[in-house]
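Structures are listed in the sections that come next.
Here come two complexes built around chain A, the first alongside chain B, the second alongside chain C.
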Partner chain A sequence: MRDVTARPRRVSLGPIALTLPAVVGLLLFFVAPFVTFAVYSFMTSGLFDVSQPFTTAAYETVLGSEVNRTLARNSFWTGLFAASATIAISLPIAFWLRYAAGRWQVPVLFLITGTLFASYLVRIYAWRTILGRRGVLNTGLESLGLIDNPLEFLLYSRFAVTIALVHIFLPYTVLVLYAAFGPIGSGLLEAAQDLGAGAVRRWTRVILPLVAAPAASAFVFVFVLSAADYVTPEFLGGSNGIMLGVRVKENFIATGDWPVGAALALAMLAAFVLLYALVTLALHLVGVRRVRFVT
Partner chain B sequence: MRTDRQRSPFTGAVVLLALLFLYVPLAIVVLFSFHATGALSFPFDGFSTRWYREVLTSDEFRSAFRASIIVAVAASVGTLVIGTMAAYGLTRVPQRVRPPLAFLFFLPLTLPGLFVGIGLLSWFTKLDVQASLTTVTIAHLVYVFPYFLLIAGAALDRLDIALEESAQDLGASPWLVFWRVTMPQVWPLLVGATCLAFALSFDEFVITFFVIGPDSTLPMFIWSSLRRTVDPSINVISTLLMAITLLLWVVTFAFTVRSERQRRRTREAATPGVLA
Partner chain C sequence: MTPAPRVQIEEVTQRYGPVTALAAVSLEIADGELLTLLGPSGCGKTTLLRAVAGFIRPTTGRVLIGGVDMTRVPPHRRPVNMVFQRPTLFPHLDVAGNVAFGLRVAGVTGAEQTRRVTEALSLVRLDGYGDRRAHELSGGQMQRVALARALVNRPQVLLLDEPLSALDLKIRLEMEVELRRVHRETGATFVYVTHDQREALALSDRIAVFDEGRLVQVDTPHDIYRRPASPFAARFVGDANVIAADAAGGGVTVAGVRIPVAAGHEGPAWLVLRPEVVGVQPGPAGPLVGTVADVAFRGTGFTYRIDVAGLAEAVKAEVSGGTPIEVGQTVTLSVDPASCLLLPREE
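Then we have the complex of A and B:
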């Protein structure tokens, strides 16, 4: 907090004027588009456009469709697997970076964040190259004589989608959790050790309660971005790994039924908000409120 | 200061495996970009740069590359101007205006690209705006702005406002204060944030897909090759794309480290107690 009592500050309109281009830009190209597609979800379909009258028909189509329910289940499980795996792998990495890395800290942090800059599409492509029927993994194992026939389950499955999503989001969550470990001094861990806590108890009683809040928000972040993804499932998911995002995209690009696409998108958003509320509530129930870090 | 290193063989092993998991797939793409044959499978048949020659001389690649550069330059320079103004304003607006402004500014971070994409598509259609590189640039501005603001805002937020006030009291105009007092302290991070904006824009696909029109950017080019049959030139384009964004990341990292050092020096030089 800055001390501003010393001298009355001149109130000026300057700072507000400086933010105006950004405010106008976001209202025009972020808020207005959002409102537009929200309104479209209540309209009647024209091909690649909408028309009057206002109706809830799109929502009835979306909620009544058996296919959508299957896709929603796919999205849910993929999001859950991807987010759980990402967080479970990030926690020990963040721990190592904070407490055990020593002089390796900066180089490893650089290496991990460096992969953030490998294009999203390139990663999807890389996994397709690896997991394909005639892919690197299958042909590699064959030339080593470990398998005779290519493993078919690798590509075009929920497994392939999940592994690519973990690959995409891992660097982000490592960064977030590493930042979360920042204020927790190593003295706290040593104290727990001196009091007789083993490695497992140090994790469950000291570390996890302290990083639960940021870990939960990272979990929701990965879940939402995974469940709403439309590119990874299209290229790696095959027929049983397809997800809701692909359906939204197809309604807007291929079939041109915009109200149904918009209604589906809004239903997804509502589910995400609900998930966020549930996670917050769950944290509250187990006693993690605003976490006070001890240094 | 005591530097206690915890010994933790388990987490160390996870780090090693994670690095392999992160890098092996990317290394394979790079490796096969130099493959002598078109096959994307083992055994590896020797090195060649033929795919590079093929890609670099292809018109399709060149026009996509040009489009990507145009959009990324426009988006990152636009963000530099609008974002610096917004960040500067945000740190100096009255307290009660700040939370709603910050909420609006960071809102785009919370919405997956799919929703931003279909929103812009609906909105541009409603306004009768033809999809073009201009609409792509607008979409990218919305996308990179909050990331730029995160870095620029942090840089401007930790400045000592007393320095600016002293300059003002000594008769400097706001413009002069900005260029002679504020900018010298924050420019390395602004350069870093601009590079980040460039890299994000250069790589953007999820939103671009909905607003692109007849042109093609590099990610769009990769996407369309992904839909075709196995094409070894994707490895080359992917490798080039990674090399460019990695270079920008190195620049960002270097400028961030530089700004950290500069800040530490300033702190050490300052009389204790003044900057507490």
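Then we have the complex of A and C:
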């Protein structure tokens, strides 16, 4: 047998070979387009074309625009409401699934994840049907006599966009939080109860601190995806539900102003990175650390 | 006048559908004593403990703590604390935070809180461990933190649900010593649950033996060991031989051999023989003869299982010192009539 201490060890090829496809894929489909985008944002616009000289004109247009500021506010609030509502609804559901569902656990989990089988677009259309003037909700309320005329604000509004986004992301957050509750044994909650903590205190002093980190991740996940979305606002947003993502898409597909589209996209990215940093800082300040569970 | 009992359990019954976990159990626990609920798995001892803790509301009956009816009071409002089988320390808090949990909930803050936490950690000999985390501790240390976490609240009753069963033997023996010391030093009322009769004998002021939901006997360890009230108690505590026999005229006939036992009992009986009172001699030297079926080395001696003609079960004997007698050898058993116990037997 070789004496391993006598000569320098050879670099093992196995792990490198296994990760290489993933790294290549990441470089090709993520890093390269991103770099291309970044470069575009500093170039001069042509019609569906970019050219030199390098300039910051695109950024000036993007950041100076009044419309963009309104849309940014729109996107921010939609993202915030969607993320908050999704987490707020998912927490009790995940809690129930983990501790109280018993034999209902599997069927309910199946139902929740089952909605993911329907495509994203199908779900958006479904909301159009439900919220429309002749939709299920309006006709239902009218037949019950609660309203005389159909409610207009239901569809083609920020309200519709937010509801649809919550519906779309709920299965993901329920699953993430359900998994987060996994290592929190019911013994832990019993111990808290034994030590004098009623239901509210059990939530504030045991459950929330332990799921704060996963919940914050899920929150950022939903926020970013919601605020940047361009399909949902296009189908359900009407004129006052437009968000920034739609503008990025417009610039690339309709207007043909690539540098501006790219600059807008990168500006949004910068904002999301800032958000992520703020959330991480907030967690740290509140004292939430990564928790090591003991089996 | 005897002081009022700390815990009174009155006719507590717990049913889960067709299953009766507890059948009309009545028990009084004196202030400051360490009482053990002992029995095999499924006998109801943990169910009763949880009824005292408040995690179970009994189907019928009452639980009184400190003279107050607590049957309907939820666990977080009872003046009791529990040490669970698994330590269940909060992973997001350090040791001091864990111990302080109950105090914080009760509104004890600042210097008072720090003082009591330090005191509690001292009590369990974990001074200076305050800033450690659960995953940095051994099993025994975690249970000691759990003990401190419970005791720091000065509960009227401390409940312990098989707290040592998840620990290694050596740590368990050390923890037994710790538990006795903590009980002495605090003077608190402890209710202990275990299926380990050896542990029960070592720790308790009194033992309550349970069999399938019924309370079978409550006595001091010494009395239960020497004078079990039923075949079940005799078998469970001390692992005694319980042999069917017939008592007549001041003696008992077992496997054709007559033993003069002064019992004043007539008719069908159970002869209770603790393994350590059965003498074993190699060779056929007397009337009670058998064959060795199993030998186990115990360090201090040997445990034998001996088949005797006419007896349904093998006789268990513990012999200290000496040389082992091999399986298959013929042996003679001897019994001191003074160490025999007779219990009535129903046909």
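In this text, the second predicted complex is superposed on the first by the 269 of 295 C-alpha atoms of A that agree within 3 Å, B and C clash if a C-alpha of one lies under 4 Å from a C-alpha of the other, contacts with A are read in each partner's own complex, and residues count from 1 in each chain.
We adopt the following convention: a contact is a pair of C-beta atoms (placed from the backbone, for glycine too) under 8 Å apart; a residue touches a chain by one contact, two chains touch by 3 or more.
Small disclaimer: the values here were computed from a predicted structure and weren't measured.
Participant: Between chain B and chain C, positioned on chain A by superposition, is the outcome a clash or a fit?
Facilitator: fit
Participant: I'd like to know which partner A:Glu190 touches here: chain B for first, chain C for second, both or neither.
Facilitator: So A:Glu190 meets both chain B and chain C here.
Participant: Under the stated touch criterion, name the partner, chain B or chain C, that contacts more residues in chain A.
Facilitator: Of the two chains, more chain A residues are contacted by B.
Participant: Quick one: classify A:Gly198 as touching chain B (first), chain C (second), both or neither.
Facilitator: second
Participant: Contact-wise, after the overlay, does A:Leu210 reach chain B, chain C, both or neither (first, second, both, neither)?
Facilitator: Only chain C; A:Leu210 stays clear of chain B.
Participant: Taking CA centres, what is the chain B/chain A/chain C angle in steps of 10 degrees?
Facilitator: Result: 80 degrees at the vertex chain A.
Participant: Is A:Phe54 touching anything from chain B or chain C once the two structures are fitted on A? First, second, both or neither.
Facilitator: Neither: A:Phe54 stays clear of chain B and chain C.
Participant: What's the minimum Cα gap, in whole angstrom, linking chain B and chain C in the superposed view?
Facilitator: Comparing every C-alpha of chain B with every C-alpha of chain C, the smallest gap is 10 Å.
Participant: Give me the intersection of chain A's contacts with chain B and its contacts with chain C, in residue numbers.
Facilitator: The overlap between the chain B and chain C interfaces on chain A comprises residues 187, 190.
Participant: Which residues of chain A touch chain B in the complex?
Facilitator: 2, 7, 11, 14-19, 21-23, 25-27, 29-34, 36-37, 40, 48-49, 89, 92-93, 95-97, 99-102, 108, 110-130, 132, 134-136, 138-140, 143, 167, 170-171, 174, 186-187, 189-190, 199, 224-225, 228-231, 235, 245, 248-249, 252-253, 258, 261-262, 265, 269
Participant: Which stretch or stretches of chain B touch chain A in the complex?
Facilitator: 3-8, 10-12, 14-15, 18-19, 21-23, 25-26, 28-29, 32, 40-43, 82-83, 85-86, 88-94, 97, 101, 104-105, 107-108, 111-112, 114-116, 118-123, 125-126, 138-139, 141-142, 145, 161, 165, 174, 199, 203, 205-206, 209-210, 219, 222-223, 226, 234, 238, 241-242, 245-246, 248-249, 253
Participant: If you look only at chain A, which of its residues touch chain C in the complex?
Facilitator: 185, 187-188, 190-198, 201, 205-206, 209-210, 288-289, 291-294
Participant: What does chain C use to touch chain A in their complex?
Facilitator: Touch residues, chain C against chain A: 53, 55, 74-77, 80-82, 84, 86-92, 101-102, 104-106, 133-135, 142, 146, 149-150, 153.
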